[in-house]
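Following: one structure in structure tokens, then a few remarks.
Chain lettering (A, B, C and D) follows the sequence in which the chains are written, and residue indices restart at 1 in each chain.
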Amino acid sequence: MNPFKPKKDRRLGVAEGKRQYDLPLNKSIGTGFLVVLIALMTFLAIMALGTSFALGSMTQRWSSGLENKATIEVPAEKNDSDLRTKNEVNALVERVEQKLSDQPYIKSVTALDQGDIQALIEPWLGQGEILDNIPLPGLLSVELQISNESSLAKLTKTLAEIDETIRLDTHESWLGDLLRLTGALQFAAGFVLLIIGFTTVAAVAGAIRTRMAVHNEEVELLHLMGAGDGYITRQLQRHALMIGLKGSLVGLIAGLIVLGLIALIAGDTGAALLPDFHIQLGHIIGMIIVPTLICIIASMAARFTVLRVLAQMP
Amino acid sequence: MNPFKPKKDRRLGVAEGKRQYDLPLNKSIGTGFLVVLIALMTFLAIMALGTSFALGSMTQRWSSGLENKATIEVPAEKNDSDLRTKNEVNALVERVEQKLSDQPYIKSVTALDQGDIQALIEPWLGQGEILDNIPLPGLLSVELQISNESSLAKLTKTLAEIDETIRLDTHESWLGDLLRLTGALQFAAGFVLLIIGFTTVAAVAGAIRTRMAVHNEEVELLHLMGAGDGYITRQLQRHALMIGLKGSLVGLIAGLIVLGLIALIAGDTGAALLPDFHIQLGHIIGMIIVPTLICIIASMAARFTVLRVLAQMP
Amino acid sequence: MIKFEHVGLRYGVGPEVLTDIDFTLEPGSFHFLTGPSGSGKTSLMTLMYLGRKPTRGLVTMFGQNINQMERDKLATLRQRIGVVFQDFRLLNHLSAFDNVALPLRIAGRPEKEIKDNVDELLEWVGLGEHKNVLPLTMSGGQQQRVAIARAVIARPKLLLADEPTGNLDDEIGFRLMNLFDQLNRMGTTIVIATHNQKIMDEFGHSRLVLDSGTLKIEAPKNWIQKKIEGVF
Amino acid sequence: MIKFEHVGLRYGVGPEVLTDIDFTLEPGSFHFLTGPSGSGKTSLMTLMYLGRKPTRGLVTMFGQNINQMERDKLATLRQRIGVVFQDFRLLNHLSAFDNVALPLRIAGRPEKEIKDNVDELLEWVGLGEHKNVLPLTMSGGQQQRVAIARAVIARPKLLLADEPTGNLDDEIGFRLMNLFDQLNRMGTTIVIATHNQKIMDEFGHSRLVLDSGTLKIEAPKNWIQKKIEGVF
């Protein structure tokens, strides 16, 4: 018998059956750890992204809601420390309101009710008719078209023309602080994303190098049997991709759940700090990009690591 | 030549030279990861402990500093909506002050200056002589010996005897909330410590089992050559102990540095939230116990894991 | 020394690899274990070096029933058995010296004694210049010699060698067989699994022949007789 | 087929293991490679299966200079070389079948063809019933036969076998030598490193004798002559 004689049906063979890895990658030690690590990375990325989005819409709300607003105070006392009567104050307020509503850079102007002002002072003086006798300052809330240097300068000038004692209180200083804070936080979130990217590359590359070390004999054997670099690389790359997919999906789901919970809780407390998190198309794309990117990073890190190791074999 | 013939000097041999592991543990893959993990666990434990200590002394400060204090308000209006004159208010405040300073359950009582009160209202009314004409409420700050039901009841009764309109404002409700919050946080810190313990056990046990799997052949060989369970266990246990030591020392140092930085920063901002962190003997012992405990946990986890694996060999 | 009574062994749920093995080896005797590939030589060896418990039957070693022995005692017993594994099983991270020294270290012998003994034996097996070399950089035959040296260094009471000359040429093979002979003369019981007809013919010890799981003992052939026949 | 010119090899900073090797093997020839343990047989084999580059000298294989070849071409070349490693090097997580099928899979052959070929060859080496068994549960000889089957399955142009019968008894050893002979008759060049004097005597091919790093070619002995001598 000669087992090498070609048979006819052999040549007609069809590719069938599922192919597994030649390398014992699935049973590899550390696969679980890598999946967990990538899940964690994805989770962090999602959280960072979520925070960033939330901060973004918060900033937007503040900017649109408050940035263009200012408060004008008509003090109850004149420049010379004499008091204004209630009527004098009201008249001044009315004049300011009229004058400002003509200005093109003003979007709206509203005089605060005396009742509102009384409510502010009530805690200190108690309710009662006494308030009627006390000269209270007049307050106006203004909304500018755009809050920039020139429009504010114009406003200041207009007010000075009416009366010198009138004070303008923009929200600029504390809002600026807040915006600077959220900007820093958004920057931090971006930084976190960057670190996550690096960590993922490092971890995957390290893990793949470990695998190459652990399975060095097997890899070398395949190499010696004439398996091309592509043949070997493909297996490890696919392996890394599968790990990346598993890990990043778990991380994505966990991240979305936690974000949802936070939104729910924040919604309960009146959305004081976290604004209602409107799901926008951009956000969805961002959330999908994270695991995709992580998978690509994982598989490319694997590819280059394997190629570098293989290059050392003759 | 017979290499088995006993020689005289052989029997006089002395134990010398340093012994290394028979198992290739030091080159083991995953050792670095385990060190990092234990460092992280220690770091978290230190942070949890630090938080717990800080919360503890904060609670103490609040309890001692605020819990026994209360504010008494003498309103500017009488029961029948008539106003009191300034003098009337001052007289009432004085009466309250006199009366209370006699009571044995009162530690101290101080009437707030009218100036202080004016400063509180100024933002609304502007400065000026107008304030002199407005009847302001009188305020007194009281410190009780002990703040319990009976002393508060007595205080309320005494105040009612002087005038029905006098209001007592204890800090109880919000302080209670705060204490409940810090209690919850301290509980959370304890919980974190517990989880850290479990994670360490799980990670070390898992890592040791992985090592046993990776080095299964070597372990089996030693076993077959007559190495007792103790001989093999000792090596892996010492290995785990070294990892534990390295990791927990790194974690301890990192934790202490970060705690120090936080204390520094908190000190700068006026220690509003984090109190000055007095280093007490108990804290030092706690900080030292953490790495010690982690080392013991690591080495015991290794011991039992190895013994369990070895028990499966005949 | 070794007594097997109705011993059977199966791996997992597979068929019985060894069936009804019955034999007794006297202390100080020397035996070849032979049989076709896959007949169970290594499996029988495994039972003898206490690497597995038989699935049935009674194994008595050093006069003691193995099945009822405590763990600690088993370990002590194993220290008195030297094994040359078919696949060597050297520790790849340890040098030739440290590999050979291992049994002495497990027995807790002083380092000075270990050094002298190991150096001398490595010299004897022709590896004096390779004592600090790692197994993976040694040739097949060199590894096999390290494995042999490790098995005999502690002068065991029982020596089990599985195909110890498979990677060695006849010259060094015979040299090592002489080493085993010397050990045997000092009282060690020896069992050598081998396919090497030449060696079995040269050294006329009794043969245990395994075939499809059953053991047949062939009385020691008069090998001087055979040698004379060979000459003519 | 293979041409070595002034080839030398050293591992790391060690001494030259091979010095000034010069020889030519014709396509379709059959050679034994022999020499004492540690003389460099495996090292020479390693150079021939392109597992290392020589530290000096010129290696020409299949008519091409190895030193200047591209990576891809080297891989293709390796696919035409079958190797039986001295330590088998089976993939422990793959069954006997998958181990033997590996070269065909690397060559991208269809599964149906692979299945038929591998099944038949496993039958032939006496492992028909062990095709789904993992290497670690096989006997030494069975593993060796899997290694041999893997080396020949793709009908290589060059077959290098390092001590392929060390763990096998004479009967199956001769059977496998016949397998190599058949392959040889179909055009494969064969080099077998062995210590087995009996096999070298039985099959009268030319011998490459290595001693302390240098190679000596012994002309093929007239082995019918030898056999006749042996009979008388």
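Things worth noting here:
Please note the rule applied: a contact is a pair of C-beta atoms (placed from the backbone, for glycine too) under 8 Å apart; a residue touches a chain by one contact, two chains touch by 3 or more.
Remember, predicted model here, so these are calculated numbers, not experimental data.
Between chain B and chain D, the least number of touch steps comes to 2. Where touching is counted per the definition, chain C and chain D have no chain in common.
Each chain gets a centre from the mean of its Cα atoms; the one farthest from the centre of chain B is D. A separation of 63 Å divides the Cα centre of chain B from that of chain C. The distance from the centre of chain A to the centre of chain C, with each centre set as the mean of the Cα atoms, comes to 69 Å. Mean C-alpha positions place chain A and chain B at a centre distance of 31 Å. Among the residues of chain C, none is found touching two or more other chains. The part of chain C that touches chain D in the complex is made up of residues 11, 34, 36-38, 41-42, 86-87, 137-142, 145, 162-163, 166-173, 195, 197-198. Residues of chain C that touch chain B in their complex: 49-53, 71-72, 74-81, 83, 89, 91-94, 102-103, 105-107, 109-117, 120-121, 124, 152, 155, 179, 182-183, 186. Contact residues of chain B toward chain C in the complex are 1-4, 7, 9-17, 19, 22, 24, 27, 217-218, 221-229, 231, 314.
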